[in-house]
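Quick heads-up: structures coming right below.
In what comes next, subunit A is part of two complexes: it sits with subunit B in the first one and with subunit C in the second one.
== the complex of A and B ==
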């Protein structure tokens, strides 16, 4: 029934499932709480979503390229601890570039192991998750770090600043999202990432430098983590050494919700943004309705499975799996 | 080469390289760490290993079957919370020490139920197990937090925490349970129709379907088994602590997958065994214990384990070039 209607309703509606669900959620929440649809609330949700959001942009590109990145969470811990710790030691002018370079190095290690050596991305990034978490703890000696003089440093602009009334994190997020959207939809690089993820063997036969493309996707992912770490470090002005723990799952949940296929080859940056915002608004809406904080995780569970189920069902043309 | 193939012990090690590694670090720590080669410490290693080991048994089944389960850490926490909380329910107040029984039963049932939900969804919707259990990992953890109100529970009945101290002769009861589980799952995998079909479904699903094997029920049974084992692990862990915290079992899925992959089970399915997994969990257990005794900060264990995982993957790729080790999603 449902599938027949999905087919009849045209592939456009089925394809925009996430958008429809997003609008439905927004309407329901607006009715349930009168504070939900206020500018202040929407803006604050947006701002909270930026850290997961920026990382999700990079992971989307990695996933479109046919791989996974589970190491972004501990990489975020690494970058945040590094930038906050170095801020007082060598000043923010140096701390930021050093942190970005160090994070890119970690991304390069991922890219080398997965792109050049062609190792399984799930296991490699799982191993890197553990390695990087260990490195953070060794570096910080298990101590939390913070910035001594929080009000005078210009570093505060990334997390706490605003331009023309719009918070800087939002500007960074939207800017990066638009940049990567254009990169993925209009450039040769974007097409190549799709090709490598869609059919690695065919991409090699077409003369696409598969190793280099995969390597670059991991550099992009690391770069996004570095930006997220700047926002996080600057907002909190301090860092626990496991601050990024569990972020990889929220990021992956947002990417999956955005309809990017874990098989690689298809996905879109803008729909990942929708996925990120949807998770953020679910969290916010449930809290405004007075539900316990962790109810959002239960709802996320259902939303992810239903979203992917409908996606899979629309592709195979029947609701239930044919396997006996 | 002929020298290797003539000696059965060496030939066995060639097929189970992880046991060579276990032997290596065992000898190394025995020589270099005081108190490592000590009956008490060896018992300790088995008890410490059993927490991750029990789940790893289930993960071996699920991964041979061609699936993966990321929700085990959350299931463990849910079972621990049930086991500790239910025994203090007013309904069982007059039961004396028997109040532990319904609590443990309910906890194990909860684990089986979570596994059944995962398995049923994977079976009926055809959504990949990675996504289904990723969702469940968040969802079940959310359930734990909502159920516990973000509080830790403490066991009301002291007999509960005494259980973990009990011994059968020279063997700690927790170690005995783990060894029994290893034997049972090994038997299930190598001697039963379900075990053989598990390999068949993971190795080549099309062929399994054509051979008339019902793929779905086998997957669901394996998910229920891993749910049960994760819950059992959670119950045993909470007896050791006399408490259950909502964050219990965080990151365990990573340790478990690391152990299983170290043991030679393929993510693609169809290949692996319990002997290898036992080697994998022992390698992790001995490394953590030995480095602890040598007073290496726990941080270094993360780095070493992660590096070993990647190194194993690299060596596996070098020496088994015909195997295509890609993740099937």
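== the complex of A and C ==
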């Protein structure tokens, strides 16, 4: 009986593998460095993780819908440069909505090409990664931008503010994560995204407006980028042209680490949050242990590949298999 | 122990469990050299699982496998083949872009130095096998250019690259024409004469009684018995399979129907079908009978808004309508249970309930959230009404048997309260017992006032469920029959286009 229950619980345990690995990492790091487990360090890692984190929420939804979004990195550059540059020109109360709208337009382009025209999402968003980076350089003329009066503006609240002792970025990230979690698990929209990602043909045969659903997932992804840009622009109070470069891979890493299937149809917002935190704490732990920053990439992707392997192994019930 | 009495293969007390399911429960099975042993059972009875255990794709929890009297462990299909056990799959598993020869020797291509493929040997050996199978194509041809039947021959040729002791045929005739079947049966007889043990899995009784020497029946993962084919009959086998006799009568038309629910006038969708006119009344089942490719599915897809007609009119309830997408069709009360339930009917990894409520999930909300209660209520209602066997609504649709999967799809569309229900190949790949249940269900639905269109390639099926039969050939309606006037002969003539050629 006990064995039967353990066997039945096997896949569930494997599903929690990321959680187990996360806790193990935390324990190991807290023994290796006495600064690691301090409130100050934990909160600061958490705060830094929010930019990758917020974007990973949107990308999780895109991936559950059966597509990819590699354009979020350069979209972040675009949005941050835009909001910082417009801040002094038209004031923050206009700069923020203009930036959000412009970013949503980029998301709509992705959504149109992938959702409506049904082009391959890898090709489209890889292309958009370059196109948007080009747009940023044209817009800024290659100049980096910054905000002149950094201490006076209310715009500082997104990146530097705090409510009741908790940093605003953390509140934004946690709030959005909860919101999207509820959206994906309890609403008809969430169900339809899962269906479209799980079997697009059967979805169409069930009367689901597949094009519209995919389009919306890219709008959500762009909205998340806009929020991330508010946090980033407000924290730095300036922006380089390529500030978002490389973020797409970190975001994708967090999504994969969270166990969202790249084949579409299954995934979880809350587990993406775990993936984000795990990535952030691995990187922070390595730095505290005195490792050069580039080792983090080695370790991060080693962890991801092992995680994917264990996940696949749990599904087929053995570590190596000639089939499937 | 003398040789002829040693079975080529023996399975003893095989148990295989999956979470929540005991798929095989102590199954015994053996094949003697030079016999055809048919394996029968409803879908979900465990035939495929048993064969996957045999081919090394699954490891049994208990039980032994003996080959030539010796216990062996089969860890994967390569080991199975090395032991002389070859499985010919129900679904073709060929690489379409490669030549027939490469497919035949896939994984064991003859090599020259430096790992280069020895094409000369490869083609020579492959052609020799194809000749033995009396195939009329060369091994150099690309598989994608072969007909389904010839692709199946390539699949069979694959089995003959080794000294096969046991060859398993899993539903080999599902996509073959009658002429092609004859060739296949010759091959099986040939193999048999060479002393190979054959396991033959099929739902078709006539084939089993023509071919087999013995019949083993499984039900619900359990061994029900082995019969000598010569000493039994269809009725006894059916009773072993489903625990009761099968009803094969023709439907007798009730005296009257309701008003016309759907009418189609001169509908065309070039080049798939032309000039299609018919109507369906409430309480009536209209069967569309024809060969694969006659345009029946395409008509259904047009009525469901998946294709745009190039000409003609569709009237629902007497009103002309434009159906531009499936949502429009659903809004008009038209539902389609599609031909391919795994690809078009279900999101396989979704649970049963979510699959069932998928077309209406946006309407089952309280506030912004899906109402769990409303969803479960719908699921429970149709699970009971259709007798769907699943331990819980949380079960992923992928693990259900074909019959239960089909019932989920039918339940999905019944819960939309359609006026016109189109069912495309409702029992394809479904076992005899569920088949008859689905036929009864379709008649019940008509009796409740639905207008039902059934597309089928099986004559017993159209005869059993239809009030009227529309016979199609090559995109056109050849003839419409009332069930009381139809005979098997004139139905076959109509769908083979014989009349058309006489006219032309």
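We adopt the following convention: the second predicted complex is superposed on the first by the 312 of 324 C-alpha atoms of A that agree within 3 Å, B and C clash if a C-alpha of one lies under 4 Å from a C-alpha of the other, contacts with A are read in each partner's own complex, and residues count from 1 in each chain.
Quick note on the criterion: a residue touches a chain if its C-beta (ideal position, glycine included) is under 8 Å from a C-beta of that chain, and two chains touch if they have at least 3 such contacts.
Computed from a predicted structure; not experimentally measured.
In the superposed model, A:43 makes contact with neither subunit B nor subunit C.
Of the two partner chains, subunit C is the only one that A:204 touches; subunit B does not reach it. In the superposition on chain A, contact of A:122 is made with subunit B only, not with subunit C. Once the two complexes are laid over each other on the shared chain, residue contacts for A:191 go to subunit C alone; subunit B is not touched.
Counting the residues of subunit A that each partner touches, subunit B and subunit C differ, and the larger count belongs to B. Of the two partner chains placed by the overlay, only subunit B lies in contact with A:305; subunit C stays clear of it. After overlaying the two complexes on the shared chain, residue contacts for A:287 are found with neither subunit B nor subunit C. In the superposition on chain A, contact is made by A:266 with subunit C only, not with subunit B. Comparing the two interfaces of subunit A, the one with subunit B and the one with subunit C have residues 321-323 in common. Across the complex, subunit C meets subunit A through its residues 19-20, 57, 76-78, 304, 306, 325-327, 329-330, 336, 338, 343-350, 354, 358-359, 361-362, 364-365, 368-370, 412.
Across the complex, subunit B meets subunit A through its residues 121, 123-128, 130-132, 134-143, 145-146, 149-150, 205, 209, 214-216, 250-251, 254, 257-258, 261, 267, 297-307, 309-310, 313-314, 317, 325-327, 329.
Within the complex formed with subunit C, the residues of subunit A that make contact are 7-8, 11, 182, 186-188, 191-192, 194-195, 198-199, 201-209, 265-266, 321-323. Within the complex, the subunit A residues that touch subunit B are 68, 113, 117-124, 126-135, 137-138, 142, 245-246, 249, 252-253, 256, 262-263, 292-298, 300-302, 304-305, 308-309, 312-313, 316, 320-324.
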